[in-house]
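Both complexes shown next keep subunit A, but they swap its partner, so subunit B is in the first and subunit C is in the second.
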Partner chain A sequence: MSFIYKSWWKYLGVVLVLYSIVGGFLVPVPELPILRETIRNLYFHVPLWMAMIVLFSISVFYSIRYLVQPDDDFDLVAVESVNVGIVFYILGLGTGMMWANYTWGTPWNNDIKQLCAAIAFLVYCAYLVLRNSVEEEQKRAKISAVYNIFAYPILVVMVFVLPRMGDSLHPGNGGNPAFGKYDLDSMMRLVLYPSFIGWALIGVWIATLRYRIRLIERKRLDENL
Partner chain B sequence: MRILKLVLFLCLLSVTAFAAGDDSTMAFDMRQSGMIYVVVATIAIVFAGIAVYLFSIDKRLKKIERNN
Partner chain C sequence: MSELSQIKTLLRKEVLLEWRSKYALNGVILYVVSTVFVCYLSFIRIDPVVWNALFWIILLFASINAISKSFAQESKGRQLYYYTIASPRAVILSKIIYNAGLMLGLSIVALVVYSVVFSNEVGDPLFYFLAVVIGSVSFSSVFTMVSAIASRAGNSGTLMAILSFPVIIPLLLLLIRLSKNAMDGLDRSVSYDEIGVLALINLIVVTVSVMLFPFLWKE
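Here is the complex of A and B:
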């Protein structure tokens, strides 16, 4: 895991996000009713969810690794990834509600994707609560790793599968045409995909910073014992 | 840090480059097309500032790690 001390991918993340900010405002977008210029929110709202799913994926990956080989470091990676992922979740939900207020009428429409996202949030809050409720460290790491392996598929189903089966206001779900099919032209892809990568890298970066702080804290704790 | 500053400068440069080539005398630089470039530059600066801050945290952490 020496890459977390390297700088190049952090610069790459910053450059990609800066590119998506400049491109996101200036690149021409399809003219659509209701959405109008708010279609540009796509470049800033969706990448937050991408960053979140990347962080939660890393978390579950390290939870599995912990169960295979009980190394305390893996547990720290798992918990810090979830911590940062939840921040991105809140930002994603907030920007979504802001966007919904002006295109769907109200911030909260009880849209199936919104409801599912809320449930997924509770699932991950429960992960953190569960962690804090177990005193003994190894037990905590093991129980929360097992819980995380159950939580992750629930999140994926809630955010990416269930909304597509019902009627959702989100594009690409239910009876709604996907952005990808009709509206997302190649110019938009040119900005959207780099912004996915950029925000994911920024999210991972913040998670590694928190992880490194935790490593120091643990070391200090061990020295004091 | 020097690379970051360069990148920042180039990004801001690219913003103004978009605005070049307008034949209207009143619409120059960042003032073109409803002055959206000013907003872009503002947000770019905000994000760049946060990025620099993250780098400074990273640097400080490296120092602490070395001392440990």
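Here is the complex of A and C:
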């Protein structure tokens, strides 16, 4: 994992996010009814969710690695990814609720995707509670890794399959056309895709910082003993 | 012993243990019946949407109660003994199959008592029954693994509920939708999507359980 000490991808993340913020507010967007200028929220709302999914996936990947080869560092990566992922969850939900307030009328509409997001939040809170309930470190790491991997596939089904089955206000679900069909013109793509990568990199960067803090804390603790 | 015969032996042992003590089985059945009566006394008259939702909520809590003990009741020494004679895959599979059978029996009892107490029109009873069967299998596949995790973590009571609710909610959502379709007597082809996704989730959950349980098992 030497890449976490390199800085090029951190600069890349900052540049891409700055680009997406400047571009998001300045690049002309197609004029659509109801949406109007709120469509610019697309550059923030969707990438924040993507960053969350990337972080949770990293967490599951390191949980699997922990089970294959029990190394405390892997467990630290898994839990810090979840912690940062939850922050991105809150940001994604917040931007979504602001958007819903202007386009759908109220911040919370019991839309299926909103429900799935709420359930996903419960899963990761349960993960954190489970961690707190076990004292012994190695046992805690193993049990929480098992739960993390167990819950992830259901989460994937919930986020990607369920919303497509029922009615939903989100584009691309419940018979609504996706943005990609005809609304999203090439100018918007030019901002949106770099924004995906940028926010994901920023998320990973924050997670690695927290991971490194935890490493230092553990080292201090070992020295004091 | 091959894995299949191990599963058979373990299943036989589960049934025998249950039959000998009986108190757990009777307790759970009584739990379901008395919950139904409590619901009846507090609702008396009920509209169809609530009828359906209430039935699944009763089943949900009954199954949490029934399955949470599947790992917690066995002593450490006995688990160590299983570990030496059987493969972990056989242990978890036998538990899932046994719990599915238990849940099936329990939900049939619940369904009978519930529909006797609360009279309600069900448009397609056979299809509703199918939904109940799929529901009991789903509950057992999810709760068995979660109860294993919770019992390893020590305090299984609250933990079991916290860990299993978020995982079961999507399944419950689909089950309620499926059984509502059956209740309204809609054409069966309407519900194929729900059945497909439920089968898919169950397949994933069982596969993941079989893969993960060996790690949980050893200590």
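Methods note: the second predicted complex is superposed on the first by the 225 of 225 C-alpha atoms of A that agree within 3 Å, B and C clash if a C-alpha of one lies under 4 Å from a C-alpha of the other, contacts with A are read in each partner's own complex, and residues count from 1 in each chain.
Note that a residue touches a chain if its C-beta (ideal position, glycine included) is under 8 Å from a C-beta of that chain, and two chains touch if they have at least 3 such contacts.
On a predicted model such as this, the values are computed, not experimentally measured, just so you know.
Superposition of the two complexes onto subunit A shows subunit B and subunit C fitting side by side, with no clash. In the superposition on chain A, contact is made by A:130 with subunit C only, not with subunit B.
Of the two partner chains placed around the shared chain by superposition, neither subunit B nor subunit C is touched by A:192. Residue by residue along subunit A, subunit B and subunit C are tallied for touches, and C comes out ahead. Within the superposed three-chain model, A:53 lies out of touch with both subunit B and subunit C [touch as defined at top].
In the superposition on chain A, A:18 contacts subunit B only, with no contact to subunit C. In the superposition on chain A, contact of A:93 is made with neither subunit B nor subunit C. In the superposition on chain A, A:206 contacts subunit B only, with no contact to subunit C. In the superposed model, A:67 lies in contact with subunit C only, and not with subunit B. Of the two partner chains, neither subunit B nor subunit C is touched by A:35.
Here the vertex is the CA centre of subunit A, and the angle it makes with the centres of subunit B and subunit C is 170 degrees, a multiple of 10.
Put simply, subunit B and subunit C get as close as 33 Å, counting only Cα atoms, in the superposed view. Counting contacts by the rule stated earlier, no residue of subunit A appears in both its interface with subunit B and its interface with subunit C. The touching residues of subunit B, counted against subunit A in their complex, run 3-4, 7-8, 11, 14-15, 18, 36-37, 39-40, 43-44, 47-48, 51, 54-55, 57-58, 61-62, 64-65, 68. Taken in their complex, subunit A has these residues touching subunit C: 67, 115-116, 119-120, 122-123, 126, 129-130, 133-134, 139, 142-143, 145-147, 149-151, 153-154, 157-158, 161-162, 165-166.
Taken together, the subunit C residues at the contact with subunit A in this complex read 145-146, 149, 152-155, 159, 162-163, 165-167, 169-170, 173-174, 177, 193-194, 197, 200-201, 204-205, 208-209, 212, 215-216, 219.
Taken in their complex, subunit A has these residues touching subunit B: 5, 7, 10-11, 14-15, 17-19, 21-22, 25-26, 202, 205-206, 209, 212-213, 216, 219.
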